[in-house]
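I'd like to ask you about the structure that follows.
Residue numbering begins at 1 within each chain, and the chains themselves are lettered A, B, C and D in the order written.
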Amino acid sequence: MDGRVGVALIGSGRMGAFHAETVARRLPRARLVAVADPAPGAADRLTGALGAGRAYTDVAQLWDDPAVYAVVIAAPARSHADLVVAASAAGKHVFCEKPMAVTLADADRAIDAARSAGVVLQVGFNRRFAADWRAARDLLDAGRLGTPRMLRSLTRDPGGFDPSRVLPDTIFLETLIHDFDTLRFLNAGAEPVEVYATADALVEPTWRDRGLLDTAVVTVRFDNGAMAVADACFEASYGYDVRGEVLGSGGMATMGDGRRNGMAFSGPAGRLVETVRGDQELFQEAYIAELAAFVDAVGAGTASPVTGEDARAALAIALAAAESVRAGRPVRIDEVEK
Amino acid sequence: MDGRVGVALIGSGRMGAFHAETVARRLPRARLVAVADPAPGAADRLTGALGAGRAYTDVAQLWDDPAVYAVVIAAPARSHADLVVAASAAGKHVFCEKPMAVTLADADRAIDAARSAGVVLQVGFNRRFAADWRAARDLLDAGRLGTPRMLRSLTRDPGGFDPSRVLPDTIFLETLIHDFDTLRFLNAGAEPVEVYATADALVEPTWRDRGLLDTAVVTVRFDNGAMAVADACFEASYGYDVRGEVLGSGGMATMGDGRRNGMAFSGPAGRLVETVRGDQELFQEAYIAELAAFVDAVGAGTASPVTGEDARAALAIALAAAESVRAGRPVRIDEVEK
Amino acid sequence: MDGRVGVALIGSGRMGAFHAETVARRLPRARLVAVADPAPGAADRLTGALGAGRAYTDVAQLWDDPAVYAVVIAAPARSHADLVVAASAAGKHVFCEKPMAVTLADADRAIDAARSAGVVLQVGFNRRFAADWRAARDLLDAGRLGTPRMLRSLTRDPGGFDPSRVLPDTIFLETLIHDFDTLRFLNAGAEPVEVYATADALVEPTWRDRGLLDTAVVTVRFDNGAMAVADACFEASYGYDVRGEVLGSGGMATMGDGRRNGMAFSGPAGRLVETVRGDQELFQEAYIAELAAFVDAVGAGTASPVTGEDARAALAIALAAAESVRAGRPVRIDEVEK
Amino acid sequence: MDGRVGVALIGSGRMGAFHAETVARRLPRARLVAVADPAPGAADRLTGALGAGRAYTDVAQLWDDPAVYAVVIAAPARSHADLVVAASAAGKHVFCEKPMAVTLADADRAIDAARSAGVVLQVGFNRRFAADWRAARDLLDAGRLGTPRMLRSLTRDPGGFDPSRVLPDTIFLETLIHDFDTLRFLNAGAEPVEVYATADALVEPTWRDRGLLDTAVVTVRFDNGAMAVADACFEASYGYDVRGEVLGSGGMATMGDGRRNGMAFSGPAGRLVETVRGDQELFQEAYIAELAAFVDAVGAGTASPVTGEDARAALAIALAAAESVRAGRPVRIDEVEK
């Protein structure tokens, strides 16, 4: 090894490809040693395009490859927990895209596996690495926000979802999971107590009959009294909209101004600014920073900045939210913790 | 009469004094003919300062004063409905500060009284007359927002509430009532179906033992599927904060930028803009515009722009919210409509 | 007199009508006693619409009317100085729209006349009363901007100028005169030393042959070293644009954000805000505030907040700018002071 | 060669180190093959830190190194032209930091040398690659701005300049040269005709006796009639401030909002946003993008996106501005073209 951390990508889809390029080109302390993807030719194409890394179709090949020191899991969500367990068992450090698991039992398995193996386990809650959110957290840590009273986090996608890739809980487990983590991040030290959610298929009413949801509002009460609201919608005509807000006893922080750049056009219709159109545009730097932090933690043997426990806590909120929609009433976190 | 509408003020407190000055000085089509306030000297002081109007300590004197063509009710909230009924019975047109009533039965009494008497009844939901909110509604009416999917309205006061003037339902009946009306205004044509609220004393934890609430988050589902969130907090360190948002199938409107003026100071700490500090600063023009509209409706005999039915509908949401906090579960509007 | 200052309007055009309405309806300490306009029926129409004031076609009638305690001059610019002199001679206090004079000799005559008569003379530099500009000046006075180094002031009109009402120096004497005063206001205590201007007919190239100018940039050096730039254009597709900026040793103040309201629409094209479309929209409060200040000064016998000397100083810059364009070189203020 | 362009850095100072890191780590199509710096140990330290490239103390060693396919010149400004000539003579493609030359004769020599050698010559006007400026130019190219009438470009540094590195023309040749290029970029197709400048030592009055300047305002007339203003100040208490503006017949584009991120803190003093503090923060992406474009042009054999002629044209404005300050009058571009 040349001092750089050997990293393998599991999954070569949209996000996997971005992470692979980050490892290959944007992180001086990492190198891309392999890509694993079961789809024929997929890993080959990515390693070929990047000019780096072996291509595997069987993820198990990674476990035996001594050049693989750490893995980045960007496979389908439902496979994450098993992959964390397998990678840990093979002694590989693990960066896992969210959600790390879709059941609390799986989350516990993943956490235990990483702990037993003594590997770093980091989860892909990228907003913690985005400039606005980091700056808000810095304010909180500096005491300038005082005690949080109300929080808000929202995610609105630009639309075009493929219903075949959506499950009834997708909006909670894959979209709002980011917001649930953000709320914990911005209400540092507090934990959720009760969750109320309402959700529907408003973008695509035809989804309703299939039990799919595209719009949701979730209220979360925390043990420090703070009230939080997360909302998500799978379609916003103006692009990709992610915002946050903390109202504390000392002041308020707002995050996410939605502008693509600092240029404004004033014309007959008024003043127009361009809006952000996708996650890789809004969070490009955050996606890179989270992997840089992972590589640093692996290289220095320090603690993961976003732990399996963080993933589990956000998952508990998501599961309570889904249950709240089914039950039509608020659901306590301890109800999903049986 | 000189062509101007003779208006009497009922109540000479902070809001009453502002309205009285508006009638006396800012509305060319109105004149201030009387002020009634039971507190000794209060009405006198106001009419003296304005150089206009007779001063009464007994509101009943207004009913007999033929110069009083219309009244503006700015007395304590719990007296509003009775005053609407009495004024209507005397044949006076009525502008009533919110809340028009604190029970649905009282709301119905007030509506019936005005209808029977054939007088104009307008309710003080001033945000409908504020530039940002009017502009958003214009967008909606023009079809540019499409069908609303998610809405937001919030009110954060600068603090300093006197607990002796706060009742357990004050945050819903007197503060959030504005937001509930705003949500209906911005989701025009739809009606609320179900309400979930969580509330607490976070600003003044000592209020909790007395059953008082200073912070609340309310989720409202509408019959067109739209989900709305209203929140309120009795203290914001940065002043008076009122905002709104509509996400529709066509786009999003946001209201309320919180700036006091367009000046910004860039210095060593960054760029600073002043924030709005009070309701009479933020809504000065709206407060004037709503009375101007009232005087126009009275003068022209046209329909009230904000009706008793609007007041009743917002009240139903407020009552459901309060009940939701008590019951710890979502409450359907038809539950408070028994 | 009923304690209110009796005010007459001279000129019933666009600006005169606005001021007349302000006197009649928006200023509790003033009353409109007369309007004078030589155009047949013009004064009549305005007094009729406002329901107040006598109508004169001969301005001299005002001088003899004892109810006229003060006049507001909103007649054509070239008549201002003579009217100030005549009003002063008649013992009337004077508010004069800018420019107070178009030659320094006339400015001196006007100043002398008011001083000899002991009447208040205030000039219509309304930006000094606009919230953004007042706030910037407050910062300066509080020492937070330190010593000004660079200043900027600009005026862009929405277009539609009638060339028959434009003279070769109009852009300097009637438009940029506001900016020249603003630069002095924001660089308080300093005086201009040298001026360089470049100007052209860029909106309407056909104006060039008639010697008319519609676009200009003016650089002003002050005796405290500060450099200032004023610019003006008679057409902006997005409306009426007035901005200012002070860069000082302590920080920077920027004025004028151009938004009509705080509502933003996010849609497929991005995020759009409405822009201000005219001076009476942008400066409505400032126009009222300057007359209120005038009435206060007249009523209390205190000093004029915007003096004839201020008008003269701005005029000197305007004359130097016009001369600079003719001569194609920088012109010192003392060159126009011969 | 492995398909990547071998690039050498000339100069390992602040900007040179940034460019070297970009070549070594951020550009997949380039590799850092050498760094040359005459200061003992300087090149060694940089190549060591980056883990790439040979270190030379004599720039001539680069000319003989066959692995060096292109050079990036980030040496002191006064050496640029000679280095461009030498690099061209050695057949190396050249990216040269601004200013490419400080006399027109030197600029011509550099242009001729590159042309004769058939190498790519690109100049470091990074703003052309910054998102705001690119977006404004796109608007212009799309016709939405119409014909430019007034333009503005400004540069304000955060201060701390070392007077020993400042020459009398530094503010024009090294700072405002960016703005002069920006004005040409935003007034595409037009060329400057006449320049008027005023400048002084306002930040450090003691500089005045040494003939140094720290604050300047420059007016430029273009052959399409457009008027432009560039200003610069070597100290802004709020950081690094670069802005631009184009007012055209169709509308206005503004560039540079100065925010460090999208987070805002609302507290007792108002609403505060952080401001950008340095050029490598504001223009990080632009600095990378300009080198990426250079590597692309070199690799593909296509035309330079920012030519020696562009550098020469901006230099002519800078020289005319400096001459204008000396002469105290406007200076025509053809006067410096003798």
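Methods note: contacts are C-beta pairs under 8 Å (C-beta built on N, C-alpha and C of every residue); 3 or more make two chains touch, one makes a residue touch a chain.
Not measured: the values here are computed from a predicted model.
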| item | value |
| --- | --- |
| Option in B-D, B-C or A-B whose residue-number contact pairs overlap A-D by over half | B-C |
| Pair with more cross-chain C-beta pairs in contact, given C-D and A-C | C-D |
| Furthest chain, CA centroid comparison against subunit A | C |
| Centroid spacing, where centroids are CA-atom means, of subunit A and subunit C in whole angstrom | 57 |
| Between subunit C and subunit D, centroid-to-centroid distance (C-alpha), Å | 41 |
| Two or more partner chains touched - positions in subunit D | 236-238, 241, 250-252, 258-260, 266-268, 274 |
| Contact set on subunit B toward subunit C in their complex | 24-26, 28, 51, 131-133, 135-136, 139, 144-145, 250-268, 274 |
| Touching residues on subunit C, where the partner in the complex is subunit A | 236-238, 241, 258-260, 266-275 |
| In the complex, subunit C residues that touch subunit D | 146-147, 149-150, 156, 194, 196, 198, 200, 202-203, 215-217, 219, 221, 225-227, 229, 231, 233, 235-238, 241, 247, 249-252, 328-330 |
